[in-house]
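By written order: A, B, C and D. Residues from 1 in each chain.
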Amino acid sequence: MYSFMNDYSEGAHPRILELLTKSNYEQNTGYGEDLHSEKAKNYIKKHLKNENVDIHFIPGGTQTNLLVISSFLRPYQCVIAAETGHINVHETGAIEATGHKVVTVPSKDGKVTPAAIEQVLNYHSDEHMVQPKMVYISNSTELGTIYKKEELTAIHQMCKSKGLLLFLDGARIGSALTCQQNDLELSDIADSVDVFYIGGTKNGALLGEALVICNKELKEDFRYLIKNRGALMAKGFAAGIQFEALFQDNLFFELGIHANEMANKIAFVLKDCGYSFYAQPCTNQLFPIIPNNLLEKLSKEFLFSIQTKIDDQNTVIRFVTSWATTLESVDALTNFFIKNSK
Amino acid sequence: MYSFMNDYSEGAHPRILELLTKSNYEQNTGYGEDLHSEKAKNYIKKHLKNENVDIHFIPGGTQTNLLVISSFLRPYQCVIAAETGHINVHETGAIEATGHKVVTVPSKDGKVTPAAIEQVLNYHSDEHMVQPKMVYISNSTELGTIYKKEELTAIHQMCKSKGLLLFLDGARIGSALTCQQNDLELSDIADSVDVFYIGGTKNGALLGEALVICNKELKEDFRYLIKNRGALMAKGFAAGIQFEALFQDNLFFELGIHANEMANKIAFVLKDCGYSFYAQPCTNQLFPIIPNNLLEKLSKEFLFSIQTKIDDQNTVIRFVTSWATTLESVDALTNFFIKNSK
Amino acid sequence: MYSFMNDYSEGAHPRILELLTKSNYEQNTGYGEDLHSEKAKNYIKKHLKNENVDIHFIPGGTQTNLLVISSFLRPYQCVIAAETGHINVHETGAIEATGHKVVTVPSKDGKVTPAAIEQVLNYHSDEHMVQPKMVYISNSTELGTIYKKEELTAIHQMCKSKGLLLFLDGARIGSALTCQQNDLELSDIADSVDVFYIGGTKNGALLGEALVICNKELKEDFRYLIKNRGALMAKGFAAGIQFEALFQDNLFFELGIHANEMANKIAFVLKDCGYSFYAQPCTNQLFPIIPNNLLEKLSKEFLFSIQTKIDDQNTVIRFVTSWATTLESVDALTNFFIKNSK
Amino acid sequence: MYSFMNDYSEGAHPRILELLTKSNYEQNTGYGEDLHSEKAKNYIKKHLKNENVDIHFIPGGTQTNLLVISSFLRPYQCVIAAETGHINVHETGAIEATGHKVVTVPSKDGKVTPAAIEQVLNYHSDEHMVQPKMVYISNSTELGTIYKKEELTAIHQMCKSKGLLLFLDGARIGSALTCQQNDLELSDIADSVDVFYIGGTKNGALLGEALVICNKELKEDFRYLIKNRGALMAKGFAAGIQFEALFQDNLFFELGIHANEMANKIAFVLKDCGYSFYAQPCTNQLFPIIPNNLLEKLSKEFLFSIQTKIDDQNTVIRFVTSWATTLESVDALTNFFIKNSK
C-alpha cells in the first residue's frame, strides 16, 4: 500500500548515500569541524550569495526550533507564531520546556501577517505580560502555503521596526522555493530574516537541518548553545556529507521540484474531479476536502493523514509527496479519484 | 596522518551502510514506529535475554544523558557522578540546563563506589540541600576502565537500599563488554540498573544510542519525553536499521573486540617500552604517560588528545581505537614508540 | 485621590499588625517550622474541617502558581486554563519559564467548563502534542465571577474521570466565599480539588498565600520544591503569624464580606444609573461599561484600571474594593455616577 | 532556652514595625512602584554615593541569587563560587533549576581568590565545557569571614580582565561592613561589582533584599525578569517601607554593629577559655571548635547549629548573633563557657 503520509518515509537520495559510502573510511574531525561540513557550508553560502552567515548542522527540526528560540530570547520573552505553527501544536511543549511562551495569532492559511504581529505587540503592554521578541514563520507553512516576497518583506520590516527577531522554519523550504507561485530565492530569505533553516530531513537527507544565522549579533558562542541542548553530534560529518551532496550542485532544488510536480499532478486531477481544498495547493502538501463516504475506500489503498473534520459529511485529509514519490503511485492515486468521483 | 583522537572519526561499518542502502526505498512509518526499529529492539532484547524492557533509539549521547536525567528526577533532585563523569565535565552544562545539579564524588579511576555514594547521602541531610536520587556511572568509564560484576552489584544494592535510581552510560559499552577483564554480560546490566544505553555512535554506527529502560516504573509516556526534548527523529528508522545491523548477529560485539585488540597491541608495546599509564589499560581508550620531549615528535605523525599535564616533564595523553582502526596504523604507532624509546 | 485600582494598596489589617508586633521578640524556628505557622495551619484545617491536608505558606501568588504547576507536572504535560486566566496573561511567562505550556480554553465569564476541558483532551491525541494533566481555575475568577458548587463538582468529576489534577487559585477566595451568590464552603473546595490556595495578600495580609495540598500523592517532599523555587522564607513565621490572625477567628471571612459589601453598593448604584457590566457583579471586582466621554472626568477623581475597549464609544473599566475600602470613598464614587449620569 | 541558631529568629526592628504601622492605611501603587520604595531607593543611593544604579526589592535571598544568576547568564554559562558558597550547598539546587551549573573552587575560609578563578578559566577551554561568566562571592562569607578592600579589588580586576561578571551576595553585608576588620564601604562595593544585594532579612527586616545593579548593561527589562521568576510582590511597598526605615538614617549599620558587638563578646570569652575557631571570628557568625563532651550540656541551655565534626573528639558549631541578641543572653552563654571550661 503506497503511503502519502509524509515526506520522510524513505531513506536518503541515492547521491547522498553514494557520498556517505565513498567517504566512509576517511578520518574526520568530530563535532562538525570536518572538511565535509566545511565544504557543505561553502556550497550553501554560494547558493545564498552570502559569505557573512554562520551555518550549523542540527540533527532534527524540533531540536533546531527549540535551540533557536531558547538561544536568542531572554527568559521573559516570547515567540509569536501562527496558531497552526509547528512549534505551537506539534512539538509536545518542546519550546515551553526551554522556558518560553509561544503566543499565537489566528491564521486561516498558516501564515503570519504584520497586522497580526502588531496586534500582539499592542496587547502586550507592560512587564506583567511576556515580552514579544521573535516571530516564527514557516515556509512552506504547515498548510502547504508559501510566503511571497512581498509578504516576507512586510513581515521583515515590521520586525525590524519593532525590534523583533524573525525566524523562518525551513523544514520544507525545498518545496517552497521550487513551487510555481514562489518568487523568493534563498538569498532573499537570508536578507530578510535573522535566522532560518534549510530542511534536509524532508528533502532527501537521512537527517539534518542546516541552520543559517544571518544576524551577526546572534552568532556568538553558538556551538556552546548547540552542545548545551544536546544537539552537537559526534559524527557531525555525517550531516555535513549529506548537505555537501545536496548543495554541491542543484540536487536540493531538483528534489523539491520533483515533489512539487508529483503534488501538482494530484491536485490537478482532484480539482478536475470537483474537489476543493482546505488550503490552496502550492507545494508538496495537499489538503483536499473529501466526502466521508470515500474515506474508508481510499484508506484501503493509500496511507494519508486526517487533518480535521470540516463538517458532518466532509473531512480534510493530507497527502504529502516527496523526492521519492513515484509517478506510478501518483497515477494510482489519481486513477482512484477519477474512478470514484462522479 | 593517522588519528587516534577518538572512536567516531569514520562513518559506519559497511554492513550498516549496506542495510541502509538495501532498505533505502522502503516506505517506513515515521518517528521510530517502523519495522526496522521493531526488529532491532527484538534483536537487542534477545541479547539482553529480557523481554521486559523498553527500548528507544536516541540520536546522541549528550541528548540521551540529559533526557534520562531530566525525565526521572523531580526538580529538587540531583544525580551523583564521578568527578570525571562525562555529564559533569564534557556536556557544556547540558544536564544543569534541564534543571538538575550533578553532585560529584572524587574518583581516581573514573568509577563510583558504594562508599562514595553513601558519603553523598550522609551529607545531603535536609530540604535545604538537593536530594540525591540517581547515580550515573559509565562503562567503560571516561578513563577506559570497566566495572566488574561484583562492583556493579554492590552499587546496585546500595542504590536499591537507598531508593536511588541507577543509570549506566554505555556510550562505550561495546568495548567494555568485550574486553579481557570483563565479566559482565548485557543481561547482567539490564538486571542491575534502572536504565542504561548501548552506544552506537562510538561502536560503528553513523549515529544513535539504544536507550534501555529496565525499571518498569520509568517507562510511562517516554515517547512524550523524547519528543519534548527534541530527540524524536522523523526518520527514526535510520537509527533502527543501524541497530538492526549491529544486533541481528554479533556485529556489535565483534566491533568492540576489534577495537580492544587494537588497543591491546598498543598497550602491550608501550608497557614493553617502559611507559606507565594514568589508568590501567583495559578497553579502547589508553592513557599513557609520555615525556613532554616526545610529544611534539609524536604529534607530527599521529593525532591524539592531551588529557592532563601530570608533572613538569610528563603528560597524560589519550589514544582511542575503534571498529575502523587498521592494524597498519597500530603498527605505525607501536613502531614509533619502539624507535623512540630508549 | 481615592484608588479602586486593586485590593493590595494598603498594608495589613490592624489585627494582623498587632499580632506581628506582639510576637516580635519571640525567637522562632526558621523556614516556616515555627509555632505560629503551626497554629495557623491548625486554625485553617479547622475551617476546612479537614485534618488530612498539608499547608504551606508561600510569599506570593505568581510564585504559588508556578510552584504548583511545575511541581506536579512532568516535563511534557500542560495545564489547561481559561484564556483570561492569570497564569496565561499576567505572569510574564512565569509558568512557561518552568517548562510547561498553558493550553487555553475560550471563556466569556472567566470560567472553565467540563465541555471545554473535554475538547482540549480530544484535540491532544498523541505524543506529538503536550499532554493535558492539570486544570487551573480561579475563584473568584479574573472577571470577578465565582464557581457555584454544581459547577465545581462537575469540573471535579471531569478531572477525576480523565486523570487530571484540579488546581484552584484562591488569590481572591476570601471575596468569593463570602459573596451572596456563593454556595461553597472552604471544606467543599478541599473536597473537590487536588490543590488550592487561600490568598492572604488580597485579603488583608502584608503578604502570603496558604497553599493547601489535598491530594495525598502530591504531598511528598514539597518543602524541597518550595526551596528549589526560592520560595522558602527564612522568616516564614511572618506569614504564619498573619494567617494565625486571619484564621484564629473569622477575620479572613469578615474582610471578604466587607470588600463585597463595598462592591455591592457601587454595583447597585451603577445599575440604577443604567450602566451595564462586562461580567456580572458578584465579588469585589466590578467591570462596568462606561462611556468614553465620562472616563477622563472619572479619572480625575478616582484611580481604576482599564480592562478593554468594548466598542468605539464604551470602555470596560475595573473597580476593586478591599478590606480597607472606606464607606466614604464608596459614597464619593457612587455620588460621582449619580451626578454624572443622566 | 535562648537561640543562637541564626539571625532571622525574631521579627523586625521596632522602627521598621513603627513605619509599617504608621503608613498602614496609605494607598500605594502596587508592585514596588510606590513612593516608599522610591524613597528607600534614594536613601540607599545616598549611602552608596551613587545615583547610577538600579535598585529592586526582592523577597528573599535564594530568590535573589537565582534571579541574578539566571538573568545575566546565557544557557551554556556557569557561575564560579566557593565550595562553601550558599548557592552551591544550601539552596536545594535552586540555581541549577534555572539551568546553570555552579562550578566550585576549594576554599578554607569561604573566600574566592583571583588565582582560583584563573584556574577555573584555564580548565574550561572549549565548547564541550560550560563557559564561566560570573563569579559569586558573599560578604560576609558563609564562614563569617570578610573580604578586605584589597581582596575585592583583586577579584574585580581579574573579572574585568576576563570578561566575568562579579556578583556579591550581601545577605549579611550589614555585619560585614560594620565589623572591626572591615575597610570597605557600600560605595566601594558598588564600584567593584556588577551586581550585589543588601540583605534585609538577616539584618532586622521582616523580609526583603535590596538588589543593586551597578553595571548598566544589566539593567534592561529587569522588572520583567523579577516577575518572570515570581518575585514581584503585589505589596512591594511592604519591602520598600522596611528599607526606608533601615536607610533613612543609619539604622541598617547600627544593627550590624550591635550584632558584631554581641559576637565579639562571645568570641573574646571563648578565646580566653582556650577554644579555637574553624574560621577567624570577625562578624556575627562564630565557628568555635567544641569538645564533643561539652555539646550535650551546651545544647540543653542554648540553641545553635552543628557545622561539621572536625575530628573524633571535637565539633565545629555555629553561633549567630543579630540585631535582636540581648546582652543578657550573651552573658548567659559566656558564663556557661567560663563555668565549663577548665
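Note that a residue touches a chain if its C-beta (ideal position, glycine included) is under 8 Å from a C-beta of that chain, and two chains touch if they have at least 3 such contacts.
It should be emphasised that the depicted structure is a prediction, and the values quoted were computed from it without experimental measurement.
*Asks:* Quick one: point me to the chain whose Cα centre is farthest from that of chain A.
*Replies:* D
*Asks:* Which chain pair is joined by more contacting C-beta pairs, A-B or A-D?
*Replies:* Greater number of contacting C-beta pairs: A-B.
*Asks:* Could you state the distance in Å from the CA-based centre of chain A to that of chain D?
*Replies:* From the centre of chain A to the centre of chain D is 50 Å.
*Asks:* Between chain A and chain C, what distance separates the C-alpha centroids? Give it in angstrom.
*Replies:* Each chain reduced to its C-alpha mean, chain A and chain C end up 42 Å apart.
*Asks:* Whole-Å distance, chain A centre to chain B centre, using C-alpha means?
*Replies:* Chain centroid spacing, chain A to chain B, equals 34 Å.
*Asks:* What residues in chain A touch two or more of the other chains?
*Replies:* Residues 75-76, 91-93, 97, 99, 127-128, 130-131, 224, 227-229, 232 of chain A touch two or more partner chains.
*Asks:* Inside the complex, what are the residues of chain A that reach chain B?
*Replies:* Per the touch definition, chain A meets chain B at residues 2-3, 5-6, 8-12, 14, 17, 20-21, 23-30, 59-63, 65-67, 91-94, 97, 201-202, 206-207, 224, 227-235, 237-238, 303, 324.
*Asks:* Report the residues of chain A in contact with chain D in the complex, numbered from low to high.
*Replies:* Within the complex, chain A touches chain D at residues 31, 70-71, 74-76, 99, 127-128, 130-131, 221, 223-225, 227-229, 232.
*Asks:* In their shared complex, at which residues does chain C touch chain A?
*Replies:* So the residues of chain C in touch with chain A come to 75-78, 89-93, 96-102, 127-131.
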